């Protein structure tokens, strides 16, 4: 069943690609069936999972240990539910969000493609299969961010997201390969059994570093977080789905999945926790500074991801459970927030806080959803956010106690960050819906259609329900997920009220502090503005990109001079240096007795003719004379073949000679006269030296080649069975066509590519000159 | 007066050269010949037409543009390879046998088809290069 | 009979030698073309004939391939000399100093 | 039998050398075109005699092809000599 669930979105995407444009805007609701069906099937699996999880495997390339193997266990089920569930809601929402004239089929196609690849990531049991789907998500996110490709900002955002996530992904690939090398297997399950062996392996620090690089870039941790805010150029449903609920959590998924394999050591815990908390802090205070609602939510997501990453990094069963729970909650309330912001944008036409305000009367339902979700984000009691945040605080406090002197550091940073989070959460609903309207919005605010409100409503309902009755979700969903990660049964006791203890104090200080600072938020924003704009990851990214482009430009300018002679020079120098070097290195130039046949008179005469001809070709000033003399040199080579009784070679050489003379001539006539630019003396000497060297190199190699007998010659084999096996007496042809058929196939493909190349290069140039000539004619004709 | 005489002779010589090319192609398996050489010879016939008759003649002679020939050739070559695959043998295995064709015992071999592929690619390449350089399609 | 064939071949070779040498004796292209065309007519005939006779003697059965070569040469070489001469004239290769009369100049004008 | 053939081959070799010299020295491009044609014919002759001399009759086919091909070459050269852009020529 697992593979069918996985291929369903891709098949649907295929169908949409083929027939989508006809369905128009109804397409989204039709395509809804796919995620809904998957969601239903997944819900049926909750609690009914066999102990090791649902496994399905099909051999692909056994030698490489590469098998298409998938596994559905607690942790992947949690993610799959989010992917399918929120996917359904987002698809429904996007039907009303996208204007009638926009290309629905393309949007739904990309969304389905993303859903399939995301499911692939969470189901993958084989590391390489996981990587394949991982890159597929990057690609589909690129397509979705750049959906409004006519806008410059969308293209830029899409590119930035792709560059950063793909570079990270590449590092991760190397990490995964090292991991599979050190453990000898690609399957995650077997890796878990060999954890100790891997952690003792010399590759281990590299593995951790590289894989974390992939996870941090994907989950937008500092300093790679800059792509997420610029990914907000995507339509809001995409932001809600990819950039808050699912795709950015792939990094968390990987860190969780591998915590059993790589976790438990200082090399793993410290970087993850530190980066996580740092991201949480940076994300929260940058979010506070934002004027655009979506940017604010983007930075808030960055901060919350850091928070969950830190919890995963701790690795204790309690922490893993708390992380899973908060991950679930965050997906729901953040998804709702994004969709409501989408509604505000859709109805009022702007997302700028300065212009919004006092919309509660006009948009009561949106205001309610926004307020509830924002409060849950802030961690106000009686809502889901509060419970999972408390749990993470508990594990932070426990971890802090282990660190002795710095016990206060982890909880301290978390509290400050939560204070800022609460602050911008209040900003979210207060500045938008309460108070009086500040600026004028492009369109008068009115409540969105109920259909549009449905998705955020459902998500908010889930947040509230889980807040009131956490056991609804924890027992069946969160605990299996955590136990799948910890490798041992995990029981998190999530209750409405945990009693007065350190975590509660942290939450209280955060909330009270936020309320206290709320009136002073403008001054706080100004202060933060001055503090943080000096050095930002953004500028580092731009500098890196521009530096790279500049370097590439300089190298090309210096080499691509447009003169064929230069290119030939580079090739020959490379040839002489590389081949010469290696031959020199292995003592190839040792003067061993050369068992060569003594040359006969005929060969000497022909040799003289060839040398004379070539000298003339080099010295002559006229192109035509050079071509014709070249033909003559070719004829003397033909004579050599005749002398050595090689009819096939003679025939081929002959025909090639004549046709190339004619083709050279054709090219010659059509291109500007070969004016001989005066060649600087120094350059002339260099040309001579390189020519002599490469000539000597080639002759030495050929002499040496026929001298050495590394392997016994295979010609005997061909002579014997060219007739019985190949059915032909012409051994050369039989070899060409039959024994070495594949090489010939390759050669003729290369030939065709060359022909197409000529067509493109030469054809376009001639057509252009002809067009210019035609224009000049018209000009004169006027 | 311009290129009248060569054009007349070319009209006579071209079929001769093409016949020569066919001759070389058909006996490729036993005596010197084969797809590549035959292709080049046929190409030179084409060149003759293009040179003498100017652009249009060259194209008229083989109505199909160059890259169609190339495509056909590649298809032929790869196709014969697939036959082997279909029959469970590794890619590009060839089969040969003698067939009675009109009373004459003719030896047919799939290698000939592969050779035909090479022939077509060579002719196609020259065709597209020449017509291109001489400014036609 | 064999000797006759070999003598013919030798004679043919000599004719070719004479025509190649001839191209050095004449001053301008047009005369040299005369010299060159000797080889494609007389030389080819002699040599080709000798070869086919020798071939048929050696192989026992009739060996006509050299005759086919002669046919091709007879078909193509006059044209190629014509074309070369025409091209030379068109690109303005000067006639040798003591030419008496240049018929082509008149025809050349109407082009 | 072979003595006369060898002499013939030597003579043909000499005439080929002369043809080569013609191509290399030939002042005008037309000379060179003619030289190439001449060299072609000589090569043809050598191949023909050599095929009988050595018993490999395949060279005869090569000669056949050469006859046809060199015609194409010469016509192409001559044709483009006149038309086309003034091909830079060190006209003697």
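A, B, C and D label the chains in the order they appear, each numbered from 1.
To be clear about the criterion, contacts are C-beta pairs under 8 Å (C-beta built on N, C-alpha and C of every residue); 3 or more make two chains touch, one makes a residue touch a chain.
Keep in mind that this is a model prediction, so the values were computed, not measured.
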{"item": "Result of counting contacting C-beta pairs for A-B and B-D, higher pair", "value": "A-B"}
{"item": "Inter-centroid spacing, chain D versus chain B (mean Cα positions, whole Å)", "value": "26"}
{"item": "Rounded Å distance, chain A centre to chain B centre (Cα mean)", "value": "46"}
{"item": "Centre-to-centre distance between chain D and chain C (centres being mean Cα positions), rounded to whole Å", "value": "11"}
{"item": "Mean-CA-position distance for chain D and chain A (Å)", "value": "62"}
{"item": "Contacts with 2+ other chains: residues of chain A", "value": "647-648, 651, 655, 658-659, 662, 666, 670"}
{"item": "Overlap residues in chain B, where contacts from two or more other chains coincide", "value": "6, 13, 16, 24, 31-33, 37, 41, 44, 47, 51"}
{"item": "Residues of chain C whose C-beta touches two or more other chains", "value": "72, 76, 79, 83"}
{"item": "Chain pairs that touch, as defined at the top of this document", "value": "A-B, A-D, B-C, B-D, C-D"}
{"item": "Contacting residues of chain B [partner chain A, same complex]", "value": "24, 28-37, 40-41, 43-44, 47, 50-51, 66-67, 70-71, 73-74, 77-78, 81, 91-92, 94, 96, 107, 109, 111, 114-115, 117-118, 121-122, 124-126, 128-130, 132-135"}
{"item": "Residue ranges of chain C in contact with chain D within the complex", "value": "2-3, 6-7, 9-10, 12-14, 16-17, 19-21, 23-24, 29, 32-33, 36, 39-40, 43-44, 47-48, 51, 54-55, 58-59, 65-66, 68-69, 72-73, 76-77, 79-81, 83-88, 90-93"}
{"item": "Footprint of chain B on chain C - complex, ascending", "value": "72, 75-76, 79, 82-83, 107, 111"}
{"item": "Chain C-touching residues of chain B, taken from the complex the two chains share", "value": "1-2, 5-6, 9, 12-13, 16"}
{"item": "Partner chain A, residues of chain D touching it in the complex", "value": "13, 16-17, 20, 23-24, 29, 32-33, 35-36, 39-40, 43, 46-47, 50, 54, 56, 58-59, 61-62, 65-66, 69-70, 72-73, 76-77, 80-81, 83-90"}
